[in-house]
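Accompanying notes for the structure given below.
Which chain is which? They are A, B, C and D, in the order written, and residues in each are numbered from 1.
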């Protein structure tokens, strides 16, 4: 399976699971490091119908590389920033209900901790549930230069994180490859739903 | 794919997703403008089994045009009112749990705002999350002349809206064509679930 | 499609939708009136794997009629009671999360009203949302003679109802045939989830 | 169907239903009693793609028996402890949202009762809803010798239980064979969701 086929398959699956509705969500995988080439979803697509032909190849400036042609995702620069800051091999941006509302609920603290859950062990490098995972929240913006700069700074200040939320705008996570990044999506979506429902069961929690 | 096939496919999909259970939901697409001809679901059908043969063609009075025959949806006049008021190319009425309960919860205010969510950009013409979308709520009625008149007035008073709720009766949205209207359904259902759950997490929200 | 095939198909579908998990749920359809013969699910089956061969035929005493053989559902007498009291052509007992918790939440009042919802029009004979549907709650019992007697009395006292709950034990509904009864399941499950979530949004509701 | 094929099928199904996301969940079935041989899922697998080839065979010390080879689930010793303590023929560990949050909510009491629900009759040996099922909660640990010892002690002190939770780590249940254990998963997950939502509807409940 090529990166483009894998990205298309993940897009259709995430749509089915409610994590990439409308035209939301964008997904990328590093194709080569030197020079940097990234396969990424084109802009404004219905992810439920995503095909490998709708995946573009971009360079480190976000410019589309022939023979692929089209408009890459509006958030291409965030993908590049994450690949460069962390050496990630794949970056996945999903947009679930739980990530959306928790990114709003905890905005005043700039993030929140998820701690003590066995499921945390599904995150790369985490070997015990006695782990304290900080989920940073970045303020949303339509200025992608500002948002990617803000993301780069946040990643420098929070070197160990496995994902972050943009306020009222869903989640970014990544991995060494698409399989690991996709596992991180599942793990983090599970944890967000769990802490969200836990909170609703006991508001003072 | 013909309009009838597309309408039938959407009906089956919306049923599967819980947005058109029982015999609820009705769906239409403009076939021609002059004279106005609209393809619309027949009345009282199980949308989970909807076929293209169950789509009727009507004129601007809601009369069924041969060779199609049958009883069009009870809410045909609302579809006509929306097509005429807004020039919409397709109108979709869904009936989810979240649209039903929010249409009741906010009835005293005649509607509510959805504001600051990235997902709003999936609505036609919205370019930023810094958008304030008013979701009007119309009181329910079995008098379709009254309800379509009320809808026409409401649309005149709220020219920018992308959808509205009927109290305890679900949602109407539309688009230039069926693909855009279907995207609006996904976007608005996501936003309604998000603001509904957000509210439950923090009642004073 | 025979009644047995239709019952098996509904069983598998209700299992998939979470309304007949474990070995819960039982389903019947009248095969003949004089003498009374009812096709009904055998006892203790996984409804996710239900086949037409697992449907038995019983008479008005609940005795199994050859050539079918086996142990009919423990709740056979309730099905017979509903068929006799109401002349129903099909009886469906589902066991969803929402019916279970609402049957407990409202136990003190012996039932609750669902009122003002458009979806009520999906119930046989209801022509307007301005309808007030009483959902009776019967106390649970393992004594099937007592429970079917109690059900018969309750149906006499509440002639217009379309379904009822057994406390912490799910829902019974029925119809003139299996298609109508299955529609009633969808309608009532939708309404129970809606009023349940509405309640959670505003506890004083 | 071999035990390995059945285990793989259950793994894929539980993943689809959200009960074994990421690499969570592990599943076993006794192949022989004397000497004890258990088929069990290998460690760290995506259960959504589980195949029969990924099932290992172990002995009573958790050592992998040729010709199977690989690293068995980290929680192998818990499976062995449950098989030995209870004579179970199959052990299933799932990791749903509801089991996770209830294992945390009730941690102070060391467990909680589920009582009066008809669905309890789906548990082996339970003949009436008038049953009081204690759901023990064990504190989580990465020390598998300690955790399996703790589990053995807990099972001795609570001889009648059908399952237990590990804090913030999901559920264990079992049965005489895989079919019974799988039914117990469905039953207990239904009951956990029901009591969880019931609690949210009425916090003082």
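As a convention for this text, contacts are C-beta pairs under 8 Å (C-beta built on N, C-alpha and C of every residue); 3 or more make two chains touch, one makes a residue touch a chain.
Everything numeric in this text was worked out from a predicted model, so none of it was measured.
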| item | value |
| --- | --- |
| Both-way neighbours, i.e. chains that touch chain B and touch chain A | none |
| Copies chain A and chain D - rotation angle from C-alpha fit, nearest 5 degrees | 90 |
| Self-contact between copies chain B and chain C, residue sets same or different by half | different |
| Inter-centroid spacing, chain C versus chain B (mean Cα positions, whole Å) | 32 |
| Inter-centroid spacing, chain C versus chain A (mean Cα positions, whole Å) | 45 |
| Where chain A touches two or more other chains, by residue | 200 |
| Touch-based graph of the chains, sorted into line, ring, star, complete or other | ring |
| Contacting chain pairs - touch in the sense defined above | A-B, A-D, B-C, C-D |
| Contact set on chain C toward chain D in their complex | 18, 21-24, 46, 95, 97-98, 100-101, 104-105, 140, 142, 166, 168-170, 196, 199-200, 203 |
| Complex contacts: residues of chain B adjacent to chain A | 116-119, 122, 127-130, 179, 183, 186-187, 189-190, 193-194, 197-198, 200-202 |
